[in-house]
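First chain written, first letter: the chains are A, B, C, D and E, and each begins at residue 1.
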Amino acid sequence: MNKYLLYPGCSMESSAKAYMESLNAIVEPLDLHFDEIEDWNCCGATEYLGINLIPAYSLIARNLALASKQKNGTRTVVAPCSACYLNLAKADHYMQERPSLGVKVNEALAAGDLQYKAGTLDVRHLIDILVYDVGLEKIRDAVVRPLTGLKVVPYMGCMLPRPDYQHRWSDHEHPTELDDLLRALGADVIDYPLTTSCCGGHMTQIGPETAFELIRRLVSDADGRGAQMMVTVCPMCQMNIDAYQNETNHFFGTEYHMPILFFTQLMGLAFGRDPKELGIGVELVSSRNALANIGVEVPVTQEPAAPRKKDEGLPMPRRWNKREAQKEAVK
Amino acid sequence: MTDQFEPTIIGFTCNWCSYRASDLAGTARMKYAPNVKLIRLMCSGRLDPTFVLRALSSGADGVMITGCHPGECHYIEQNYKALRRFLLLRRVLNGLGIEPERVKLVWASAAEGARFAAETTAFVEEIRKLGPLNWGKADDGPQATDHDQPSFAHGKEMEVPA
Amino acid sequence: MPQMTDERVRAGLTHEEDLSLLHEVSMKTAGVSRLEMCIQCGTCGGSCPVAKDMDHTPRMLFAMLRAGMREEVLRSNTQWLCVSCYHCVVRCPQEVHIADVMYTLKGMAIKAKLYANSTAPDFSQTFVDMVESYGRSFEMGLASRHYLKHFPLRLPGMMPMGLGMITKGRMALTPKRIKHMDQLTKILNRAKQLEMTS
Amino acid sequence: MTAKPKFAMYWAASCGGCEIAVLNTHEKILDVDANFDVVFWPVAMDAKYKDVEAMEDGSILLTLFNGGIRNDENEHLAKLLRQKSKLLVAFGSCACEGCIPGLANLSPVGEIVHTAYNTITTDNPNEIYPRTSYDVPEGELHIPTLAKVLRPLEQVVDVDYFMPGCPPESHQIAAVIDLVIKVVKGEAELPPKGSVIGVGDSTVCDECPRARNVKMIKEFKRIQDIAPVDSELCLLEQGIPCNGPATRSGCNARCPGAGAQCIGCYGPAEGVMDYGARLITAFSSVIDATTPEEIDHILDGIPDPTGQVYRFNLAGSLLKANREAWKVK
Amino acid sequence: MTEKIGVYVCHCGSNIAGVVDVVDVANWAAEKLGHQGVVIARDYKFMCSSLGQELIEKDIKELGLTRVVVAACSPHLHEKTFRTAAKNAGLNPYLVELASIREQVSWVHTDKAVATAKSKAVVSGAVSRVIENRALDEIKVPINPNTLVVGGGIAGIQSALEIANAGFHVYLVEREPSIGGHMAQFDKTFPTLDCSACILTPRMVEAGTHPNITLLTWSEVVNVAGYVGNFNVTIKKKARFINEELCTGCGICQEKCPKKVIDDVYEAGLGYRKAVYTPFAQAVPNFPVMDKENCTYFEKGTCKACEKFCPTNAIDFNQQDELINIDVGNIVLATGYDLFDARRVSNYGYGRLPNVFTSLEFERLSNAAGPTSGNIVLRDGKTTPKSVGIIHCVGSRDRNFNNYCSVICCMQGLKFAHLVHERTGATVYNFYIDMRTAYKAYDEFYQRVLEEGTLFVRGKVAEVTDAARYSNERGKLIIQTEDTLAGKQRRIPVDMVILSSGLQPRKDAKEVGKLFGISCSMDGWFTEKHPKLDPVSTMTEGIYIVGCAQGPKDIPSSVAQGAAASARVLDKILQKEVALEPIKATVDQAKCSGCKICNGLCPFNAIAFIEDDKISYINPALCQGCGTCVAACPAGAISGTGFSNEQIIAQIDGLLLRNLEPAEA
C-alpha cells in the first residue's frame, strides 16, 4: 500500500468538494492511503505572500512542521491543489536556498513549539503520485468503463508545472502527464497548446475584466479544437472556468458551453463509479451533454433556487470581531 | 592597536587559479586582512591532510584551502579530490574537538582576485570569532593533574570504611 | 537626502535617483532574487498573459527599479496584476525570480501606501484577515465581502453563480476554524515581529 | 662465566596483551632466559622499584616497555628505566602510539573518572571518587595521579627502538630476540637508533592476499552490514573502511586474511608524520562522487571518522588529543 | 650539513619598501635565521634588475651560497629570472625560492608594522623551505615529427594542410564518412555570401590528395598513450563494407540500393539518403559507406543489390572494424560542435509545430543541392511563406540552457533574413536581444539587411504558438514577445519560424577530453592554456585545440586557429626535443604496497600498475606534477619533487616562526 500525508487545502472542503469526493472514490482501486495532516491551515494562496514575507512563509511552514511530526511511515506530502502544492514546495525550497529565511521561519514556528528542517519532506502533487508512483499501467488496469469517444482537452494550469523546484514534470510548457493519464482512461485527448496558460487566478476577484479575457482564451481555444470538456487538476482553475464562464460569455457576448471536471472525476467514471459519488453534477457549466457521449447520465442536482424576495444580495457572515472570537474560543 | 585577537592562518593555494587570484588581488591593490600566510602548491589535490594538522598543531588558528572551481582544474579534476579529503578531514577534526569551520575550502579562479580578498577577510573574521585554537601551547606536554587542587574527578571526599 | 538644487529643478529632475532601491527589493525577496542579473531581454513582458493591462511590463519595472524610480514602481499596477503563472520565471534566461519580486513589490507598496487602486491590496488583506482569524480561507465571505466593496454593480450579475455554488454545496455559509488557532496566532505574531526587525 | 646481559620488561598503561605475546613465542622464551638475566619483569617475577632504583645507570641492556604514560607512576618508571637501560624499546602499540588507551584522549580526565566511577558500570550513589592522597593513621597514602592525556613513551623519554602491534606478532618478537642475541654475541649489528623494528617496510596491502582493482566506492558500510563479504576481493573495494593501505606491514595481513578489516594496530608506515591523515586521504581517494552532498552522503557511512582513522594512533598523532582534553587544567 | 643561505629583500622601488620596512626584514633574517644557515641578508632597490641579479650571482660565487631566497614579487613574474641568475652562477636553479612580499603583502596591506611582520614570516617560511629544496634537472624528450589532427571540419583541414605543406606528415581522422564538417552543409557564408561549397571543396580535395596527409575517415581515436613528442594513438577504422582499393566512387551502388533512409546528419532530417551512401556529392573521399543499421542485407540476409551491380567488386560484407596504431609527436583537436537541440525550448514549439525550423534545417532548405533544391518552403514541401520570423539566441545566453553567447547566431540570423528576402520576398522579422555584429564587414551586412526592409524587434521571443486568439492569427504561427523598445507585448502572426540555434560542445567532449588528458570548462568547451595569450594550446603539452572545440566561433576564426596551432606544432617539430618541468612524482618501490589507491587518481594516465611486482609506477613523462597522488598515498610511498612533504612542512613551520631558536619562539 502506498501511504502519503495529505494536505487537502481549503477549497477541497468547499468549492472543490467534487475533487475531494472523487479522490476518495479512486483511493481504493489504486491501493492508496492518505492521512490528512492534522489541523492543517490555509497555505495563504497567492495573497499572503504579497503582504508579509516571514508570516507568509511561517503560515505555510506550520503545515510542513505538522507533517514532519506526523509519523505514518512516509515523508511525502501530497497536495491536490496546485496553488497549495506550489506554496508548500516553494517554502521548502526557499528555506534552503536562503538559509536566513529558514532560520527566521523556524524562530516563528518555535513560538508554537514547532520546527521544520527544510528538505526533509517531499512535497508532491496528486497527479505526480498517480502518474509516477501508481503508474499508468495500474491505472489502465483499473479502468472498467473506458472513456472512448469523450473529447477532452487536458488543462494543467500554471502553478503545477512551474517553477518546478524539484524537477518533477516532463516540461514547463507542455507537460504530458495529464494527457497520458487521460489517454490511459481511454479518452480522446486533444493537443491543447494552452494547457499551462493561466486561468486568471485571483484576477476574477480583483480585476474581473482581465480574468474574463484569460478565461475566454482558454475556453475559446478548447472549443475551437472540438473539445467536449476541459479536464483540470486544480481547484482554482476549475472554479474560474466553471463559475465565471457565464460572466465571461456575458462580457464578450459569446455562448461557450465548456464544462470542466477534475481529472479524478473522470478516473472515477472510468473505474466504474457512480457519477453521484464523484461529485458530478455540481459544476455550474453542466457536463451532462458531454458525458452523454459516453453514456453517462449526470444526476440532477438542485437547480438554483429562486432569488430571495428582498434584494439584499448574498447573506453575509458577520464581520470578524476579535472579542467575539475569544468568547467563542472559551466555549 | 586594539587588543582584539589576531588569528594566525595558513593558506594553501594552487599554482594556477587561486595563487593567481591572490596575485590579481595584489596587482589590483585590493586590501584584505593580513592574517593569512600563503603556501603555493601545484594543485589543491596536492593538499595532504597532514599539512593542515601540522599547521594547526604548530600554532595556526585556522587553515584556508583554495583551488580552482570544480570543473576548471588545471589538472582536470584533482580539485574534486581535494574536496573529498577536505570533507572527511573536517569530520575528523570535529571529532577532535576542533570547530570544523577552522578549515575552509574556497574556490577562486585566476580572475577572482576580489573573491580571494573577500573570502580571506571573511575567513579571518570567522576565525576571530572562534578565538585562538591554542594547540601550539598544548604541545608543551601535559602536566599531571595537581594533587593539591583536585579536578572534578578527585574532588569528592573518599569515604573510608569504618 | 541631498537638497534639490535649483538647477536640478529647472532641468526637470523632480526626484532623487534612489540607487539602493534595487538592492532593497532584492533583499526583501524570498530566496535569491537575481534581480541585478536582468538583461532587459523582455522574455517576461512577452510571456505575461496580462501584460496588455499592465502600466509597465515587468521588464520595464525592473529597469525602473535600477533607475531608482521608487514611487513610480510602487504605484504601478504591474505587481497587482501578476497572476503568478510563472511563465516568465521559467523562461527568464537569467533566472530572475520574477514572481517573487512581484510579491515583494506588493508588500512594499502596501507599506508605503502607494497603489493606484485598492482593490487588489484590499482583497489580499481581507484574505489574510480571514486566514488569521480562522486558519482557513473562507471563499464565501471573501468573495461576497470583496465584491460588495469593489464591484457592487457587478454583484447582481454574479448572483446566479453564487447561488449555484451554494445550492450545489460548493460554498460553505459558515467559516471553518482550525483546532489550534492559538498556536497559529503565536507563530504569526512572532513572524510579524521578525518581519519588523529584519 | 661472564655475567649474562640484563633484561627488563614493564607494563604501563596497557592491557597486558603484549606480555602474553612474549610468552606466545613458545620455546623462544627459553632463549631469553638462556641468554639474559631477567632483572625486572613485574608480571613474571617479584621485583621492587627500589631494586631498580639501586641499579647502576645503563646496566640493563634491553628493556621492553609496553603501555603508554597515563599517570605519574608510569612516568616515573619510564624515566627510571630509561636511565637504567642501554636499549629502551617502546614495545607494542600503546608504548609506540597510545593504542586503545589513547582514545581516552578524546575525553577530559574528569569525564573519564566520572564514567569509570559513576555510570552504569559502578553503583556509586554517594558519588565517591578516588583521591590521590589520603591520610590514614599509618601516614599519608598515595595512588598514582592521572595525567591530562595519555602519552606514548617517546613523548616522555628518549626511545631507542619502536616495535608496534597490538600486540606485536610473536614471530616478529622472536626475530627481534634472535637479533639481540646475535648482537650480544657480536654476530650482528643493531639497526640505527630510532628504527621501527619487527615490521615490514610497506603497508598491510603488501602482504594481503586479496585481489584488488582501481577502487571507486559509492558507499561505505560496516563489515557486518555486508552479506556476503567477498572473500577474495579487497575489502576497501567492497566499501568496508579497511585501514590496511595506511598500516605498516609485518603482521602478514592477519585480519584481512581472516576476513576482517585491518584496524591499524601496526601504526603508520615509515616516515609518515600522521597516521590519520594517511587514512583520510586513502578513504577519500576511493569516493566516487563529485558534489559535496553526494560525498557527505557517502562519508556518513563512516559513523566515527575520528575513531576510525586514529583508533591506535590518537596519542601519537599530530594533534594528540581532543581539544577539550587538552584544556583541562 | 648546514646550508649557506642568502636572503635578498627587494624594495621594488617603493612598491614594497613603501609599506614594508625592507631593511628590518633583511636584518631580522640575518639575525634570527642565522642558525638555519642564513649567512647573508641584503636589501636592494630592484632585485630583478641586472645589477640585482649580479649581486646574487656574486654572492653565490664568493660566499659559496648553497641556497637563495629572494623576497620580492610573485613567483609567476620573476621566479624564472632568479633561477636563471642562480644557474649562471653555477647553482642549480631549483635551489632558489621566491618569497612574495609584493602581491601578497605590500600591495594588499596598509599597516607598515603588520606588513613588515608578515614579510618576516613569509621570508622565514621560504628559508625553512629552501633548505629542503633539492637540485633538479630538466627532462628532455625527442619529438616525433608526425602529427595527428582529429576532426575534418574546416579548422582541422586548415591545420592539416599547413603542417603537410611544411613537409611533415599528418594523420587526419574524421568520424563521419567524409571530411568537410558543418561547413559542407551550409549554403552561403556570411558576410560576403560566398557559396560555402565553392570555397570549401578545393580545400577538401587538397587534403584528400596531399602526399603528406593520411586521411582516415569513418574512424575514431580510441586510445591515446604517451606524452608530448611521443604519443601512441590507437584509431578505430570502422568497417565501411567497401573495399577502398577497388572502389572508384562511381555511385552505382547508391543508385541501385533499394533502401531509403532519412538523413539526420547531413540533411538535418529534411532529406533522404540510401543505406549505402556518400553524404554528399563532393565528399572526400568519395567512397561510400554502408549503414549497417539500415542495410536490408544486414537486416534480413538478402538483397546485396549493391554487390550485384558494383562494376569493380568493391562491396565487402565481411569487412571488420580495424585498429590502427600510430606514433605522433603532437595532436591537434578540431572536434567541432553540436547544434543546440531546439526541442529543449519547448515554448518555441520545434518538433510540435511543423513550420518551426532550426538553423541547420534552413541551411539545407536554402541550399541548391538540398532536399528542396534551394526552394524555401513550409513543411508541406510546396507553400512559400509570406512572412517569416527569425528568432535569435535560441539556447544561448540563457541559464536554462547554455549561459554563453554562441557568437555566430546574430550573423546567421541576418544571413537567413537576407536569403528569405531574396528568394521569397516574404516579410521578415528578426527577434534579438542584442545585435552582435562585431567583426570585419559584419555590421555592414546588418546595414544591408536593414536596407532590405527586414523588421527588427528587440525582444527575446516568449513563445511561438498555434493557439490563435484573434481571427488574423488563425492558421498561423504566432510569435509572442515584448517589443522592448516600444514597451509593449506583441503577437506577430507568421507562416514560418526559423530558430537561430546556438552551438554547444560535442556531447562526448568530456570523454574525448579525458582520452587526450585535457580539461573542459564549466560549459564543456575544451580549456585553452591561456584565454588571451595562448588560446590554441592546452595544459597538456603537445595537445592543441582549434575551432569550435575550444568555444563557439565563425569560419574565419576557426581557420585562423587551425593555422595558429600548426605554427605551434611546427615550432615543436623543428626544436626536435622538448624540455619538461622536473616537478614529478615517483613511487618508492620498497614502500609501495600495491594497494592501487593512486591508480584511479591520475587524469593523465601516468600511473600504471606493474602486475609482476604488484606495485604502482609513475611515468615521469606523463606526470604533470599536480601532486595529488603524493598527497593520497596511504603508505607515504609517493614523493614529489619541487613540492615535497619536507619542503611544505618546513614552510608551514617557518611561516609560523617555529623555526626560530627555542629562546625566540
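Some points to look at:
Convention: contacts are C-beta pairs under 8 Å (C-beta built on N, C-alpha and C of every residue); 3 or more make two chains touch, one makes a residue touch a chain.
Remember, predicted model here, so these are calculated numbers, not experimental data.
Identification of common neighbours of subunit A and subunit D yields E. Of all chain pairs, the one joined by the greatest number of contacting C-beta pairs is A-C.
Using mean Cα coordinates as chain centres, the one most removed from subunit B is A.
Distance between chain centres (mean CA atoms), subunit C to subunit D: 69 Å. Computed from the mean C-alpha positions, the centre of subunit B lies at a distance of 29 Å from the centre of subunit D. Our note on geometry: subunit B versus subunit E, Cα centroid distance of 35 Å, whole angstroms. One simple way to say how far apart two chains are is to compare their mean CA positions; for subunit A and subunit E this gives 50 Å.
In subunit E, 347, 463, 601, 631-632, 645, 649 are the positions where the chain touches two or more neighbouring chains simultaneously.
Residue positions of subunit D with contacts to 2 or more other chains are 273, 278, 281, 285.
Shared interface positions of subunit A, defined as residues touching 2 or more other chains, are 172-173, 197, 217. If you check each pair of chains against the touch rule, the ones that pass are A-C, A-E, B-D, B-E, C-E, D-E. Looking at the complex, you find that subunit D touches subunit E at residues 201-206, 212-216, 234, 236, 244-246, 249, 268-273, 278-279, 281-282, 285-286. Every residue of subunit B that touches subunit D in the complex is listed here, in rising order: 48-50, 53-54, 56-57, 70, 80-81, 83-85, 87-89, 91-92, 94-98, 133-135, 138-139, 141-145, 147, 149-160.
Partner subunit E is touched in their complex by these residues of subunit C: 39-48, 51-52, 56-57, 59-60, 87-88, 90-91, 93-95. The touching residues of subunit A, counted against subunit E in their complex, run 171-174, 191, 193-194, 197, 217, 220-221, 224.
On subunit E, the positions that touch subunit D within their shared complex are 590-601, 614, 631-637, 645, 649.
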